[in-house]
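Below are two complexes that have subunit A in common, paired first with subunit B and then with subunit C.
What follows is the complex of A and B.
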C-alpha cells in the first residue's frame, strides 16, 4: 500500500518534474559550465579551455559597460520615481469613494497590454521625422521649447523616453498593491487620529506609512529586480539593434550575444547573465537588510 | 456669541480646505488617467485616418471625421498579420492547456497525496521560483536548437509550460478543501483522479480561471523566447510581428497601417481585461509580477 502510494505521488508529479528538470534545473547548472568554457564554438560544440576569460571579456567589452551604465541609470531613476508616483496615486484613489473602481480599472490597463505594441505608439508620439515633429514635440513647441529627437537624438532624451515608458508600464502593478495595502489599514487608527485633531501629513507619516511599509518594501525589491531585467520595452522604443542606438541593457546584451547578427556566443552570454544575477542578488540582499531595520511588521 | 461665530468660521475654513483637497486629488487622478488612456486613443485615431490625410496634417488633429478602414485591410494584406494572429492563438491555447494539466496534477500531489520526499521536492520547487528566466534561457536556446526544434511550435511551447508559481498558488487553494471530503470519497471507492476531476477542480474553479487568464496574458505578450527561437515569419507571434512591422513593414512610413496592426493585436487582451478585470486584478495582487 505504502509503495503504491509513493508511486502514485511521483506519477502525478512526473510531468512537472520533466519540464522543470529539462528547462530549469539542468540549465541552471549548465549556465555555470558555459560561463567557464573558453573559446566555445557553437557550431562544433567544442571549447579550448576552462577559465575566467569569458568574464574578463564581457567586463572589458565597451558594449557591456554601456549596457551596465544604461541599466543602472534606468534603475536609479525609475524605481524611486515609480514607487513615489504609485504611492501618490494610491493615496488619492484611497481618499475618494465615487469613481474609485473606474479609476482603478483604467490605471490597471497598461498591465495587460502588449509591451511591444504600445511601445510602438510611444515611439510615434515622441519621434521626430522629416515631415512631422511628433505630438510631444508640438506640445513642447507650444511652450516655446525647441523640438528634440527623442528616439534617435541625444542620450538624455532617449533615456527620458525609456524611463517614462518604463514607469507607465510598471505603475499598474504598484498602484494595485499599494491600494489594497492602504485599504486594509484599520480605520480605527484614522478615527482616533482625527478626534485628536492630527494633521494630514502627520497621519500619513505616523500611521499610514508604517502600516503599508511591508508592501512598499515588497514593491521596492520587485521593482529593482524588474528594472534590472529591462529589455522588451527598450526594444519596443529603439528597435532590435540596441547597441547601435547606444541604449542596450544587460539583458539585451545577453540576448545579443546569444542570437542575431552579433550572436553565437553562449559562453559570453552566460558570463553576462551570471554577472547580472550577482548584481541583482546583491541589491536584493541589501534591500532585505535595510527593510529589516525599517519595516514595521504587524 | 462670538465663540459660535468663531466655530462657524473654522468649519467653513475646513470645508474649503477639504474642497481644495478633493479637487487636487481628482486633478491628479484625471491627469494620470489621461496619460494611461491617451496612447490607446491615439493608436485607434491614427489607425482610422487615411495615409494621405495623416501625412498632410503637420499638426495632427485630435479627432477625425473621415473614418477609413483601409489601414485595417492593408494590415491584413501587406503583412501576414492573420498568420501572426493564428500562431499566437495556437501557441497560447496549447501552452496554457499543457501548463494547466501539469500544474493541476502536481498541485494535487502536493496537497492531497502522501509520499516519501514530497516536502523535499516542494522546497526545491519553491527555491527554483527565485531563479530568473535570463539564467536558464541560454541553455534552453541551445537545447531547442540542438533538438532541431527552432521554428516549430514544439520549440516555442515546451520551455514556456513550466510555472512553479501557479503550482504553489493552486496547492494552497486545494489545501483549503476539507480533508474529510477526500476521506469520504475514498470510503466510497472514488479514485484519486476522479476525485480531483469531479470535486477539487469544480470547487477551485475561481482560482483556476484566474491562473488561466494570467497565463493567457503572459502568452499573448511573450516576446523574448519567441524571438530567440523563430526567424521564420511563418512562426512569428504577434509581438515579433509588431517588431518586424516596426523595422520593415509598410515601407516604415505608413504609420496609420502600423497603428491598425497595433490595434488589432491589442484588442483581444483589452476585451479579456474588460470582462475579467476584477479577477485579473485580484489574481495579480495575490502575487503575480510582471516578468
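What follows is the complex of A and C.
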C-alpha cells in the first residue's frame, strides 16, 4: 500500500520534474561542462581540450574586470542604502495615520511598472541631447551647476544614475515587506517599554529592530543576490553596447559572450557565470553566518 | 502610595460606528488606600482595562484627575508616573533572556538615577528571587512555562520599585491549577513589597480570594467597592449580587405585599416598604432543608461534588437559571414529599431588589 502510494506520488511529481530537469538541472550541469571545455567551437560543437583556460581568460579580460568592478560598486552602494531608506520610509509610514494608504500606494507604484519603461524615463530625465539638457540638468543649472552628461559622460555620473535608479526600483518591495513587519510587532511591547520609560532610540534599537530582523535579513540576502544579477536596468539606461559604455555588469558580460557583438563563446560565458555563482554563494554564506547572531526568529 | 481618582471619565469613538461615542469609564470618583491589593472586577468590555491604562498613563482621560498620593499625575506620561505594569500576554521581549528582560527598565534610567552595573544586577536578582525565578535567568521567554513567564513579567515590573503595580488579567492565560498557585504568589509578593497593587480580572473568585478590596464595575460605571466579603454579603444591586458567588445566586420574581416578601405564595422574608414587584436573590448557601420551612421547590436531584452537596430543584418563579441550586451540609436529611422539598432560609442570605432600578431594598 505504502509503496503504491509512493509510486503515485512520484507520478504526480513527474511533469514538474521533467520540466525542471530539462530547463534547470541539465543546463546547470551543462554550464559546468562548458566552462571546462577549452576552445569550444559553437558551429562544429567540438573542443580541443579540458582545463581552466576559460577561467583564466575571463579573469584577465579587462571587460570582465570592469564588469566585476561595476557590479560590486552597485551592490555595495545600493543594498545598504536601499534597505536603510526603505526602513526609514516604513517607520515614517507606520507612524502616520492620515493618508497612510495613499502614501503606501504611491511608494508601491514603481513595483508595478516595467523595468525597461522606467529605465527609459530615467534616461530622458538624465540624458543630455543636442536639443535639450534633460530635466535633471535643468534643475542643476538653476542652482548654478554646469550640466553633466549622466548617460554618456563621466564614469561617476553614470554610476550615480545606475545606483539611483536601482535604489528607486527596489524600494517599493522593501517598503512593503518592512511596513508589514513593523505592523506585526505586538503593540504591548511598545506599551511596556513606554511604561518603563524607554527612550525612542532604545525602543527602536532594542525592540523594533530585533523584532523585524528576520524581514530585514531576508531583504538583505535577496538584495545582494538581485544586485549581483543586475542587467536589464543597465540596458535600459545605457543601451546594449555596455562594454563600450564601460557600464557592463557580470550578467551583462555573460550575455555578451553568448549573443553580443563579440559573442559566440559559451565556454567563456559559462566560466563567467560560475564565477558569479561563487561570488553570490560566498556573500550569502557570510550573510547567514552574520545572521546567526543577530536575527531573532520567534 | 494611595491613588485618588476624581470624576475620571474616558470616552472613545466607537470602532464600529464613527458617530457613536462609547463611555468606557464613567465618572470614577474614589480613593484606593495605600499598600492594598485591589481587584478591579467586571464582565468583559466593562472598562476595567481602560481604567488600568488611565492609571498607568497609556490613555489620557477625557475629563477628571488622577492623583498618586498628593501628586497630580493626570498629564504625566507613563514613564514619569513610577508605575509597573504587567500585561495580559506578559509582553516579555522574546529575543532577550530573562535577565535582560528584568534589567531592561533599569537600563532605561539616565543621569543621576542610573545605577552601576553591579547594583543593577543585584536589583534584578532581588526581583527575580522575590518571584522565585532566580534559577532561570539565562533562559529565553519561550523556554519558560506560562506561570514562569508571568513571574518574569512581574519581576520586570517590580525591579524599579514602582509606587503602584498594575496587573491586567494576570491569571487569565494560566491553567486552573497554576492559577491557584500564581494568585497566592501575587498575594505573597504584594504583602512582602507593600506596593499598592491593582489587578484586573473578570473572574470573581480570583478577585474575592486575594483582594483586600474589590471594585465591581459594569459598562463603565462603578457599582460597588469594599472588602470582598462585605460586597458579597451586602450587594448594592442585582448585578453585583449575580456577579459575585459561585454557584451564582438564585434570582426569583417576587412581590412585596403587606411588608412581606413573597415568591409565588411562599413568604421568604420581610421588607418594610410599600407593595411592589421585586427580584429576590437567594444565595445557594441560604437554604436549610426543613419540613416546616416556608419555601417550596420541586425536587430534581442531589449533586455531590467533593465536600459540597447541592440540591438541585425547580421553581417556576426562578429567572436566573432553570435550576435552583441549594448548597447544604452533607449530613442534612432531605424531606421529600411528593416531589416537593421545603426549605427555611437564612434571612441575611436573602436579598431583595427593586424591579424598577435593581437596587437593593434593606429592612
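In this text, the second predicted complex is superposed on the first by the 286 of 298 C-alpha atoms of A that agree within 3 Å, B and C clash if a C-alpha of one lies under 4 Å from a C-alpha of the other, contacts with A are read in each partner's own complex, and residues count from 1 in each chain.
The rule we apply is simple: contacts are C-beta pairs under 8 Å (C-beta built on N, C-alpha and C of every residue); 3 or more make two chains touch, one makes a residue touch a chain.
A quick note: this is a predicted structure, and the numbers were derived from the prediction, not measured.
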Fit or clash between subunit C and subunit B when superposed on subunit A: fit
Partner chain(s) touched by A:277 [first = subunit B, second = subunit C, both, neither]: first
Which superposed partner A:210 touches (first subunit B, second subunit C, both, neither): second
Partner chain in contact with A:188 - subunit B first, subunit C second, else both or neither: second
Which partner, subunit B or subunit C, touches more subunit A residues: B
Touched partner set for A:296, first subunit B, second subunit C, both or neither: second
Partner chain(s) touched by A:226 [first = subunit B, second = subunit C, both, neither]: first
First, second, both or neither for A:196, with subunit B first and subunit C second: second
Touching partner for A:155 - first (subunit B), second (subunit C), both, neither: neither
Least C-alpha distance (whole Å) that remains between subunit C and subunit B when both complexes are overlaid: 6
Subunit B-touching residues of subunit A, taken from the complex the two chains share: 5-10, 12-13, 15-17, 19-20, 22-28, 30-31, 34, 42, 88-89, 92-93, 95-96, 99, 103-118, 120-125, 129, 131-133, 135, 138, 168-170, 173, 176-177, 180, 222, 225-226, 229, 231-232, 235-236, 239-240, 251, 254-255, 258-259, 266, 269-270, 273-274, 276-277, 280
Of all residues in subunit B, those that touch subunit A in their complex: 21-22, 25-26, 28-29, 32-33, 35-37, 39-40, 42-43, 46, 55, 57-60, 101-103, 105-106, 108-110, 113-116, 118, 121, 125, 128, 131-132, 134-143, 158-159, 161-162, 164, 167, 192, 217, 220-221, 223-224, 227-228, 238-239, 242-243, 245-247, 253, 255, 258-259, 262, 265-266, 269-270, 272-273, 277, 280-281, 284-285, 288-291
Subunit C partner contacts - residues on subunit A that touch it in the complex: 186, 188-189, 191-199, 202, 206-207, 210-211, 296, 298
Residue ranges of subunit C touching subunit A (in the complex, touch as defined): 56-58, 77-80, 83-85, 87, 89, 91, 93-95, 104-105, 108-110, 142, 156, 160
